[in-house]
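Next come two complexes built around chain A: one with chain B, the other with chain C.
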Partner chain A sequence: MTEKDFELAGIRTVEEQPLRAKRKWYKEYPVVSMLFLGIMIVECFFCEQIMTVNPTYMDLEHCNVAPGRKFLFGTDTLGRDIFSMIWYGGRVSLLIGFVATAISTAIGVLFGAVSGVASPRADAFLMRAVEIVLSIPNLLMIVLLQAVLGGAGVIGISIVIGITGWMSIAKVVRTEVRQIRNSEYVIASKCMGGSFWHILWRHFLPNFWPSIMFMVVMNVRTAIVAESTLSFMGIGLPLEIVSWGSMLALSQQALMTGSWWMILIPGCFLIVTLMCVTDIGNSLRRDSNQRQSNL
Partner chain B sequence: MSEILIDVQNVTHHFKLNRKTAICAVDQVSFQIKKGEILGLVGESGAGKSTLARCIMNLYQPTAGRILYKGIDTCDRRQFKEHKKMLQTKRQLIFQDSTSSINQRMKAVDIIAEPLRINHVHTPRGSARAEAEFQLHYVGMDAGCLDKYPPELSGGERQRIAIARALSMEPELLVADEPIASLDVSIQAQIINLFKHLQKEHGFTFLFISHDLAMVEYLCDRVGVMYQGRLVELAPTRDLFSNPQHPYTRTLLSAIPLPDPKRERNRRKGVYDAQKS
Partner chain C sequence: MMHRRAELLIYCIKKILSFVISIVFLSLVVFYISRWAPGDPLVSYYGDRVEKMSPEEREWAEERLGLNDPVYVQYIRWAQNALHGSFGISYKYKTDVTEVIGGRIGNTLLLGGIGFLLIFLLAPVVGILCVWYENKLPDKMISRVGTISSCIPEFWFSLVLILVFSVIFKILPGSGAYDIGKSNDVLSRIRHLILPLAVVVISHIWYYAYMVRNKLLEEVRADYVLLAKAKGLSRSRILLGHCLRNVMPSYISIMAISIPHILGGTYIVETVFSYPGIGTLAYESARYKDYNLLMLVCILSGVVVIFCNIIGQAINERIDPRIKAEKTGEALEVEVL
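Right, the complex of A and B next:
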């Protein structure tokens, strides 16, 4: 009889597993994306220091020059230096991205919160209104608004993109607010005399912020894409305002002359920026989901 | 002491279930609370205690009846609006469940100072933070908890924060809607003693709602018994516990377990039948 026979059924020796090492801090954040986006933003912000020549100056002696020592990324058909234009135009593109997002978030949060605290009938009315607006294709609406508003500047186009992109945020905010609005701390706050703004800012916003964070970040991406789409189609920013979109608009001519750098370089910058934003958005979503399950 | 602070006159509240049926949660209730008094309100679940409290705090509009607070009819829209600020600062409510009555994403400081911020009150202790710290000391917690979030605190501490929030406005009327029901017994005793101490120092009027008879007997000056929306008995605590008039009150008191096991075995539990009496 070995010792093994005395082992009781059901008792198993559990092999001790060494505790998994704590995750490194840099694994919790999308470091690469943040770094790239950070560099992009900083360089666009300080573009005056980086630019080698004036990006709007048309050097007619050097049209269509391939990337080389003098022109790092080459020049376009009008003889403008693409390296300088990238930073200069990036400033405009990012600005549009952030301003449009700020506008759409503000409208979405406000509309959603009002709809969330409204009476059932008013709420139904507001939400059907949102659905009607949502059913119109986004691009169509932007084009229409653009036509109504006339000649677009940077701020004008941000507003147009901003007021066409708030619907999905409003819907999420409305659902969240409807859940929170009957909780006791909101009732207590009302009892103390808290106004709608106070409750929105102090109680609603911190509670639904994690769930719209992802959408807000994604709105930056949507706005940048919308701007470049519009500019590419020739109804966005005029050619003399440099942005990544209006640079891509030049690619129609570039394709014929076979100058790849005119399409590839602004396109690459655009894609890298969008990927960084998407990555950050995704990790934010993962993070907030995790934190909610921890509670 | 004899001045009447709140006068509840024939208050009735119906909850509409659908177009045809309505539930009568509070039925023709009248009572007065004197200034500086602790009034207990007991009754089984669904007796309408919380509904009554919420009517008093203007969270529900009573279907009928009047509630006078210092002679102001709080159920009247116009009079309420006229004295809105005073009513909102001088009457405070403490909820049953501290987990849901304080925002989980706010720090203790912000929770306690919230009414101060809303009403733009300049406190005698300077900043809102100093005031929050003072109130926290007052309810028996130290300043280390100021920057903590509610999930990091225990249930008793959370309830203390809710109490501190209510006290930070220095109310005249404090309505506590089952403030101890969600706590365990040792914490219940702490909170009750805290209430007793605070009431002695502040002198606020206190409407204490509970279904724990022992706590009510210990804390309150007068006790009201509610049954199916009606206030069946209202008497000073000693009279009520020694000489209950209403059969329901007698039944309720007979449900208190006795500490002596021999007497407990012989204890006769009454059953109250509303149809019979």
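Right, the complex of A and C next:
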């Protein structure tokens, strides 16, 4: 057995534990991540004031220079300064992350709410449709939509990513709406002539918002990853529009010349951002393991 | 008894019907989207010659490939042929589509299959380790590393592995599925599989391990654990024999649903490693408007996805009759997220 030869099963190791020990304020929120993300956002959106080097300027005399005094993070194979590209690119990447999330959340909430209040038959039809859309591999879907919408711009790609990422939110919203659609306050509101929009905004949204909050934050992450993956593969943003993804699109050349800085530096910024977003998202989930383990 | 059997029959018929409807709908959607997309399918068939073609020649070429009919006529024709088992020829490879895919699907299944198996076996191990040392150093370390690993985009991870292992140290090959002319050499194939496999496994595993961990953490707080402990069972017996057993059913059904997720993850990895599989094919065919190829790739992926979904649902209903047929899908979906 264990190190003790006699043990009372079920006795708590800590006798009296206050149900919710008061936590320090800095433990309630992911301070470090928020700080990091905040700095990143400020830097990126004010990069014009801070960075004076034009990120698209191709300094052909200094192609593929390793990080050093003059070029802090080196230059890429086209002779662009990576340090300045990081901030300008971050602006585009973050913007796409937020815009795409806004689009996917809007579609997901609308679709879910409509499906939730619809008659069972219509609801079943709508949910089947969602399942079918889900069954198309995401990448293929994006490639197809990208081709339909044509030109790859910042807004265009946000729309494409937004359109392909709303399904899971719609499912949750629908379930939540179905649960509360027959509550007294909703019926009362309906009787007093509240429109669908009014009920959605004033009654449904406050109810399901906590449960989709986490997914919304995670969608920011998915969108940033999707943008960088697409741009890397050459079907997202073109090389001229600098983003963390399109910076990595040159990595095939970088692999050949062994210039690690072109791959590692944008990637690290990307990952740090993603980790901050994930951390913030995780803190939004309620912690279900308050009780002590029985094991 | 008869009643039971009839019920089962109806259940199966319902499932099959919804399967067929889904596939038809999927094919329609993909067909229409791909035809609406701008771009010239003739380029993939004739290459650069298209630009020098006269209008008459163009028309003749389109007529020959059946591209100038209205879309629904084309769809009906495609569906008729597909039902007879012929999916048309690939514009780019100029051979039967099934042949093109047949030559590649083995590679994807090898990568995706082994990857899936490794994830399936390793995720519970990682999860159990975390629960065993709950809130102690190993659990915290694993959780940290896991979160980081799930944040790394697959393509970037692949790039870094290529950079480290094949550019800097030159120990492992960074592209292809085998050395030139050695397609039957098992050793060469294994050497080419290591890096892509590592990416597939590492970028997915935490997702599932985390799920197992959370489920187990809930499970060890149940009252029967106390009882088992009072009976004098050892920690490992309780965790592995009782808790894990209770978690397994939902784990298996979720893994069934995530087969396509993991297979889909190989698409990106394949393109970075230029590994000749379905992923590179799907990407190529969508970009170069190789319609017939695109359709078959989409249908195949769709079949796998829908089939796995149904299997997952069925497993769940079997194991836990409390879950009604309609509720399963969404409950699982939320969980997987």
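Assume the second predicted complex is superposed on the first by the 264 of 295 C-alpha atoms of A that agree within 3 Å, B and C clash if a C-alpha of one lies under 4 Å from a C-alpha of the other, contacts with A are read in each partner's own complex, and residues count from 1 in each chain.
The definition used in the following text is that a contact is a pair of C-beta atoms (placed from the backbone, for glycine too) under 8 Å apart; a residue touches a chain by one contact, two chains touch by 3 or more.
Just so it is clear, the model here is predicted, and its values are computed rather than measured.
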Superposition on chain A - do chain B and chain C clash or fit: fit
Contacts of A:H198 with chain B and chain C, given as first, second, both or neither: first
Contacts of A:M275 with chain B and chain C, given as first, second, both or neither: second
Partner chain(s) touched by A:Y185 [first = chain B, second = chain C, both, neither]: first
Chain B versus chain C as contact partner of A:L145, first or second or both or neither: second
Partner chain(s) touched by A:M213 [first = chain B, second = chain C, both, neither]: neither
Superposed model, chain A: greater residue contact from chain B or chain C: C
Contacts of A:I132 with chain B and chain C, given as first, second, both or neither: second
Touched partner set for A:L78, first chain B, second chain C, both or neither: neither
Touching partner for A:M233 - first (chain B), second (chain C), both, neither: second
First, second, both or neither for A:T175, with chain B first and chain C second: second
Minimum distance between Cα atoms of chain B and chain C in the superposition (Å): 20
Interface residues of chain A shared between complexes with chain B and chain C: 295
Touch list for chain A against partner chain B, complex: 183-185, 187-195, 198, 202-203, 206-207, 295
Interface residues, chain B side, partner chain A - complex: 57-59, 84-85, 88-89, 92-93, 95, 97, 100-106, 110, 114-115, 117-119, 151, 165, 169
Contact set on chain C toward chain A in their complex: 18, 21-22, 25-26, 29-30, 33-34, 36-39, 131, 134, 147-148, 150-156, 159-160, 162-163, 167-168, 174, 214, 217-218, 220-223, 225-226, 229-230, 232, 234-235, 238-239, 243, 260, 264, 267-268, 271, 282-283, 286-287, 297-298, 301-302, 305-306, 309, 326, 329-330, 333-334, 337
In the complex, chain A residues that touch chain C: 1-2, 9-10, 124, 127-129, 131-140, 143-145, 147-148, 150, 168, 171-172, 174-175, 215, 218, 221, 225, 228-229, 232-233, 235, 248, 251, 255, 258, 260, 263-264, 267, 270-271, 274-275, 278-279, 282, 288-289, 291-295
